[in-house]
Amino acid sequence: MSSSYGDNFRISIFGESHAAAIGVTIEGLPAGSPIDSGKLQEFLERRAPGRDAFSTSRREADAPEFLCGVKNGIATGAPITAIIRNSDMRSNDYANLANIPRPGHADYPAEVKFGGCQDRAGGGHFSGRLTAPLCIAGGIALQQIERLGVSVSARAVRIGGETDPNRMKAAIAAARDAGDSVGGVVEAEVRGLPPGIGGPMFGGLENRIAQIVFGIPAVKGIEFGEGFAVADLKGSENNDPYGVVDGKVVALTNHAGGILGGISTGAPVVFRVAFKPTPSIAKEQDSVDLEKMEPAKLVVKGRHDPCVVLRAVPCVEAAAAIAVYDAVLDRKKEM
Amino acid sequence: MSSSYGDNFRISIFGESHAAAIGVTIEGLPAGSPIDSGKLQEFLERRAPGRDAFSTSRREADAPEFLCGVKNGIATGAPITAIIRNSDMRSNDYANLANIPRPGHADYPAEVKFGGCQDRAGGGHFSGRLTAPLCIAGGIALQQIERLGVSVSARAVRIGGETDPNRMKAAIAAARDAGDSVGGVVEAEVRGLPPGIGGPMFGGLENRIAQIVFGIPAVKGIEFGEGFAVADLKGSENNDPYGVVDGKVVALTNHAGGILGGISTGAPVVFRVAFKPTPSIAKEQDSVDLEKMEPAKLVVKGRHDPCVVLRAVPCVEAAAAIAVYDAVLDRKKEM
Amino acid sequence: MSSSYGDNFRISIFGESHAAAIGVTIEGLPAGSPIDSGKLQEFLERRAPGRDAFSTSRREADAPEFLCGVKNGIATGAPITAIIRNSDMRSNDYANLANIPRPGHADYPAEVKFGGCQDRAGGGHFSGRLTAPLCIAGGIALQQIERLGVSVSARAVRIGGETDPNRMKAAIAAARDAGDSVGGVVEAEVRGLPPGIGGPMFGGLENRIAQIVFGIPAVKGIEFGEGFAVADLKGSENNDPYGVVDGKVVALTNHAGGILGGISTGAPVVFRVAFKPTPSIAKEQDSVDLEKMEPAKLVVKGRHDPCVVLRAVPCVEAAAAIAVYDAVLDRKKEM
Amino acid sequence: MSSSYGDNFRISIFGESHAAAIGVTIEGLPAGSPIDSGKLQEFLERRAPGRDAFSTSRREADAPEFLCGVKNGIATGAPITAIIRNSDMRSNDYANLANIPRPGHADYPAEVKFGGCQDRAGGGHFSGRLTAPLCIAGGIALQQIERLGVSVSARAVRIGGETDPNRMKAAIAAARDAGDSVGGVVEAEVRGLPPGIGGPMFGGLENRIAQIVFGIPAVKGIEFGEGFAVADLKGSENNDPYGVVDGKVVALTNHAGGILGGISTGAPVVFRVAFKPTPSIAKEQDSVDLEKMEPAKLVVKGRHDPCVVLRAVPCVEAAAAIAVYDAVLDRKKEM
């Protein structure tokens, strides 16, 4: 189903931006797994809005309420459901969007798919807000794999054409001041993953990571290791030779991004994700009044990020952790 | 499961390069669907080896035998299984690979995952040869969506750093002569897809296409529409304004690559796929003798393509057709 | 996953008897589907405890709160999540159960499976209370199929060895007075289902219905049409001859219970479900102290039904409606 | 999908009675698992037709050809596909069935579902012959669980109203002589399964076993432990008290059939399956000519078993082994 992911660590995300709540149900977390709620909250706050000068001014605590599946900080083995109540909603901001789809948003295709019954307010189920439950599940997955010695870290490596952190911030500020927005690239690295995780064909690490990462709004591309640069490389340049280090087989370079044949090599899994500039911009745009079926000018009101890339960093970590942990659980069946 | 894909048009690929056969089982093709075997064969031949000067000289007819599920050219509604017998195998070419994993290949991670029980000959289940059954299923999916007015076409847009077709061929030839290989990029376009196909989060068109495309060997990246270039664009540049054309809502530009919120907009779905240079090269490479756990020099023998990009073109079309048709069937449940 | 069911109308049940809440997430209800909350509430009340002299005296409103996916009584197309807060919990009743598993309950195998981390109070995720979210999803599925002209009705046909309704009640009362419990059989009938729904092998109507019905606690058997009585019938007695009635093909008898080859024949789908006597009885029973690993006498305290059969009737209807609606959605893909 | 089963040991059955071949693909058998082909063949021969006086005189070797996934008797970790070529087909026997559906068979609902495109000959994908690939997968699963100390055995306990083996045979012979058929009941027992296998709700052992068992043609009911007899028992009679035997918790009786809350208790898993009398009988029957839409008399020609129960015994074992092994693999993820 469209809002569910995973074969073994199965997450099912629900909620709409302006509904009563958003949340996630997790099946497959082994009974007895500890959940450190303080650490989870810290992780969630990295994603939360209103933390810096650049992100939307909507503020929500994003403190999940665990309805079931956790007792005294320990997974009971039953499904875990955590919700976050929505508050601080300004549905009026969206009044003029009812008939005029926002360019670059899901509005128009959603209108066709759901026949106008979708909850338009705040983007409904398409809202970036739905990355909060993704991060709840991801934060739990992170704690699981960390106990196995696997870490995940991501960072913005390009924003608005800039690669220097200070210049990135300046680009965001400039876009905000211009009523515009900028996109960027997040790079993630998974360290400590042993070789042998993943599988051939459609169950490979690349397939699994790509499938979940495109579930983060605004993602338009993903590449592993050298990525698109492989198009300009020779096999003799791109192949990673093996050596013996400390009695172990080690890839001496890592053009492959830690994955061959869909399976981890033991080298860090490295991938980059392209985020488009936030489609909600203050500038007037051309659209269509769907009722009158005639051209219409649109000015998007409300609070919007001029750039989602910084807040997307923990989302990419969450997605990677879920995909990797799901693959790790798969591996257990073989042993 | 790792070698299966799809929720509605479900393909399950089996086989190993040097086993008795390779093949595919398809569940979910509606009874009564015609299968034009001549057209299918034409499609398969675009992928088949030995068709030009650049690809491996191994020649196989790649003519599938349909074991069941098709009668008089019509799908019966039962699962369809088609196989291709392997022949012209030279397993001896792989004798020296038993203990020395080829850099850039799945050999080493597969060794770890399968504990040495995997069929190493010819790459086993990881072989590019397994794209033949993918193309059987994809060729059938193509025929299905064509009847709905949807077409898929792909082409190589970059090989060995070159974008001009003649220069691409020269780059391949040069790599071959140097005992080396080159990578490239394939661009695909799906035209005629109505708006409303796909879904939010993990069931989006991007997720589905990415999941299957990374099942083609050597793929290291995928991007939709502007792709990674969005990192350098502003929202006002990247958003596609809507207009009314012939009484229909139309995106006037297509930076989104025909997908917003995971759902088709009605504009062509456009994506690009990065293929790494074939890891099998004639040049001597550094590897490890896994038995002795000491460094070893490796020279890969056998017949290998200096570039898989040209043969990958129909594979990308097949993958796109399967993903799109699977999503089209999903849409039927909503109506 | 264990607490999820369905390919097209996908339900995912969560919660534990004494956790903060129980609930269900539904994916796959087409956008625009109306949900009549009054009718749903009426349906849920048929299952609710405390409605008659025989059932447990624990009373809960069982009024679901819809967190998302429904707006103004219409499905938005996004996942629907409904929860019921737990209240009126008396966890102390379960204090002495921590180390002494109740015979006939999931306690001991759950202890092994979940390593003692499961929530024991009230049966945790194994509680009969979890049939409330099943009935929420089932009530919605019922409304969907009713609009297609399909109805589902079930009734108790045997309790405590009795088939007469008055005698059934007497048997329950006698069991209650004796600190004991009784089992029974529920028969369900699905009318109005057109022929052609279901499929061969593992996707047949019998497979689908059986898979969900065994998810209702205390179920130990299911049979379709003549069921186990077929063991004593001849083919000439059991085969249902066809005739033409009002221009339609009609099975003139219905020994098959409306299903042949896993597919509906157009005749009513008829099945019976065996419910064991409630394992929670007041009588002293032999068990084991798991900590001391020595025999222990157990007296189960708390409020318990002497018979779950009457309250199980709407649960069977809910299960049947979900299974049938899921199969109906499958059929849409073929047309 | 309808012809696939299992989450971890995934089987996908294909073929039609009179197509070129039938077969099965298995995903999820861990690399390195030995497959004893002699033992597998012995198992398959227990199901094969033409072995005794009572079964159909069609004889087929039923010797599977393994196309891939097995090398030198060891699973390689890639999907395993085994096929059996069809031979000895007499399609003419089915010529008069084209327009007149056989009572008690899938003919009519299949005609509706597949719009007349299904392969009618020999029952197509609904043929009992498709239990051969089920037994290939089941025979492999049996070998896997046997190495874990788990055994599966089934036997006919009732045929044609008789429970004595000699009288059962007489009942079959009498039915055959009368151009009729008889049904029966098969009882299966799974011994050696440790406690803790299975899960709550829809992933319970009962759900899993029921889902696959109804995939065997002619099954109309399944019950676990006391089964339908629970309707006449009191809780104090049906509950299985626990004791300590050899330092282990043991259920002192086994009314539950080894399953509580969907999870194994450590006691033998016991279930019974009802098989209807073979619908193909020599006696003239009432049906309908679907083309003329008028009543028609039908006489089924061809070779048919007067009773499928004896040949179904290994099929029930195969189904049980697959379901149990799939659940055993699930358990590995939790540990």
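Couple of notes before you dig in:
Note that the chains are named A, B, C and D in the order they appear, and that numbering of residues resets to 1 at the start of each chain.
One rule holds for everything that comes next: a residue touches a chain if its C-beta (ideal position, glycine included) is under 8 Å from a C-beta of that chain, and two chains touch if they have at least 3 such contacts.
This one's a predicted model, so the numbers in the text were calculated from it and none came from an experiment.
In terms of the stated touch criterion, the partners common to subunit B and subunit C are A, D, listed by label.
Relative to the C-alpha centre of subunit A, the farthest chain centre belongs to D.
Remark: subunit A and subunit D have CA centroids separated by 44 Å (rounded to whole angstrom). Between subunit B and subunit D the centroid-to-centroid distance comes to 37 Å (mean Cα coordinates, whole Å). Work out the mean CA point of subunit A and of subunit B, and you get 25 Å between them. Residue positions 1-4, 13, 28, 31, 77-78, 113, 125, 200, 334 of subunit D each touch two or more of the other chains. Residue ranges of subunit D in contact with subunit C, taken from their complex: 1-5, 13, 101, 103-110, 112-113, 125-126, 130, 158-161, 175, 178, 180-185, 194-204, 206-208, 210-212, 214-215, 217, 219-244, 247, 249, 251-252, 256-257, 259-266, 272, 274-281, 283, 285-288, 290, 293-295, 331, 334. The residues of subunit B lying in touch with subunit D in their complex are 1-4, 10, 12-16, 19-23, 25, 27-28, 31-32, 65-69, 71, 74-81, 83, 113-115, 117-119, 124-125.
For subunit D in complex with subunit A, the residues that touch the partner chain are 7-8, 28, 30-31, 77-78, 200, 329, 332-335.
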